[in-house]
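We call the chains A, B, C and D, going by the order they appear; numbering starts again at 1 in every chain.
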Amino acid sequence: MTSVPFTMRRTVKWGETDPAGIVYTARFLDYTVEAVEAWFTEIVGIDWYRLKAEMGLGSPMAHASLDFRKPLFPAEEFTVEVWVMEVGRAATTFKILGRNLAREICFEGKLVSVIIDAERIKARTMPDDFRARIEAYRQACAALETTPPA
Amino acid sequence: MTSVPFTMRRTVKWGETDPAGIVYTARFLDYTVEAVEAWFTEIVGIDWYRLKAEMGLGSPMAHASLDFRKPLFPAEEFTVEVWVMEVGRAATTFKILGRNLAREICFEGKLVSVIIDAERIKARTMPDDFRARIEAYRQACAALETTPPA
Amino acid sequence: MTSVPFTMRRTVKWGETDPAGIVYTARFLDYTVEAVEAWFTEIVGIDWYRLKAEMGLGSPMAHASLDFRKPLFPAEEFTVEVWVMEVGRAATTFKILGRNLAREICFEGKLVSVIIDAERIKARTMPDDFRARIEAYRQACAALETTPPA
Amino acid sequence: MTSVPFTMRRTVKWGETDPAGIVYTARFLDYTVEAVEAWFTEIVGIDWYRLKAEMGLGSPMAHASLDFRKPLFPAEEFTVEVWVMEVGRAATTFKILGRNLAREICFEGKLVSVIIDAERIKARTMPDDFRARIEAYRQACAALETTPPA
């Protein structure tokens, strides 16, 4: 099984940084959503595109928040961890931790995604197998001693 | 004087939207930060680049949050309003409202920016003239009957 | 009628620039394609989203090239001109000129777009009314004394 | 030594694709420049940020061109190959090949980068050790039977 928490490893690209020589604010939401996208493919077992094309579903975000703790610099390596904190009828609540190589938290986020009917763009109960996998992942997160505070 | 709230008018670009045919999640933080950037230039009276080059200061974000209420579609026109809710020693707290042409709120955000010493990347008391302009703007926001809830 | 050449006016955003303090290379293709997108809506009379949703067509690019002449800086105002150089069975060839406020050419590009059947992603003859409008625009470009060299 | 050609492996992200369900035109220039950025760090031995901070140099692009052969879809894996075709006094000419997993060429590009004095934003002769490494890489490319046509 996937190791928990699911962790995306990245290197800051030149084009993601600004004249202050640090990652531009809005790019952190790209990092955060892209980590959840990769998590979804791995844990739920289907990518967002097939989710729409084959199942007529979508997984958009209802909420996003980010706290910026320390800057990230061009060419710096960092990781983005995806923790599941809650699983609801249609919604999944994520905690996201971005760390530099010294393991310091550089940014910290929360995302809430919702399973929708793609055609109607309306929330709906998530499929049972999705819930089973996401709930198993949440429990694996909760079992870790280092689970981040909600 | 600038009309209050400061409002940026935009049209959704094709490249900002995803295969679901709606604006991609992370682009909303671009919209939000770009609105505050334009607000800063107009209200504080200096753009972020000259702020760094001429004054050795920066105005990065410490926090961002977004609630997604209704989707925006390619080629759709929308507006982004910038409201100032609080002015602190170094920090300014913004409320951001994104509306479609029917004036429905499509997204709603909060940003907290901090004036920093650009070299040391450390918060510092904002210059008095910045505070005066931002505080005047905040009061103009507060005076409106339609001020959004904090 | 639209004045010729169709011209998009922009201001360089902080997030479009890099640690060298100038617009990041890849953003110039965003500027270029976005100018052609806006041109298409205005001249052909339908936006790319309705083009797909209502007509089952698309207008992707087959080719793009860019020459970078002078840097653009954060907060700098510039314009992007869209010239049509050739109209084929399915293809339209554009010349793009990016100028700073001193009217110096900062970047110069060429785009070739192709009308496709959106479902099959295959080129097809463009509708007659599209051709009529694009050809009229091309002639208006050619009639200008200042037409850029092909 | 690095295997030749230097090859970046990627997966198309949801946010890089558009309502046509394929990668958005402008993102291909991001892919192309990011591949050259990674190549530079590995082959020249210094990243673009340290290049500026420690050596006072830059490596911006003077030219970019792209031909789009086949679409890339969300979640599709692909590779970007970086070939060096020419090394001049200040300039390096790259051929870029983007391939899907079936090894079909999806996009093909050319980039010309120039070593500049970062402060003056003017071209200058590249350092000898840069040239030695880039020229060795070019020869390794040329020695391959499968070298792409210039």
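Keep this in mind: a residue touches a chain if its C-beta (ideal position, glycine included) is under 8 Å from a C-beta of that chain, and two chains touch if they have at least 3 such contacts.
Small disclaimer: the values here were computed from a predicted structure and weren't measured.
J.: Which pair, A-D or B-D, has more C-beta contacts?
T.: A-D
J.: Farthest chain from chain A, going by the mean of C-alpha atoms per chain?
T.: C
J.: Please report how many Å separate the Cα centroid of chain C from that of chain D, as a whole number.
T.: Centres of chain C and chain D (C-alpha means) sit 24 Å apart.
J.: Suppose each chain is reduced to the average of its Cα coordinates; what separation in Å results between chain B and chain D?
T.: 35
J.: How big is the gap, in whole Å, between where the Cα atoms of chain A centre and where those of chain D centre?
T.: The separation of the two C-alpha centroids amounts to 29 Å.
J.: Out of chain A, which residues touch more than one other chain, so two or more?
T.: Where chain A meets two or more other chains at a single residue, that happens at 14-15, 17, 19-21, 25-26, 30, 33, 48-49, 74.
J.: State the interface residues of chain C toward chain B in the complex, per the touch definition above.
T.: Contact set of chain C toward chain B: 13-15, 17, 21, 30, 33-34, 37, 41, 47-50, 73-75.
J.: Which residues of chain A touch chain C in the complex?
T.: My answer: residues 14-15, 17-21, 24-27, 74.
J.: Across the complex, what residues on chain C touch chain D?
T.: My answer: residues 19-20, 22, 25-26, 28-30, 32-33, 49, 52, 58, 60-68, 71, 118, 121.
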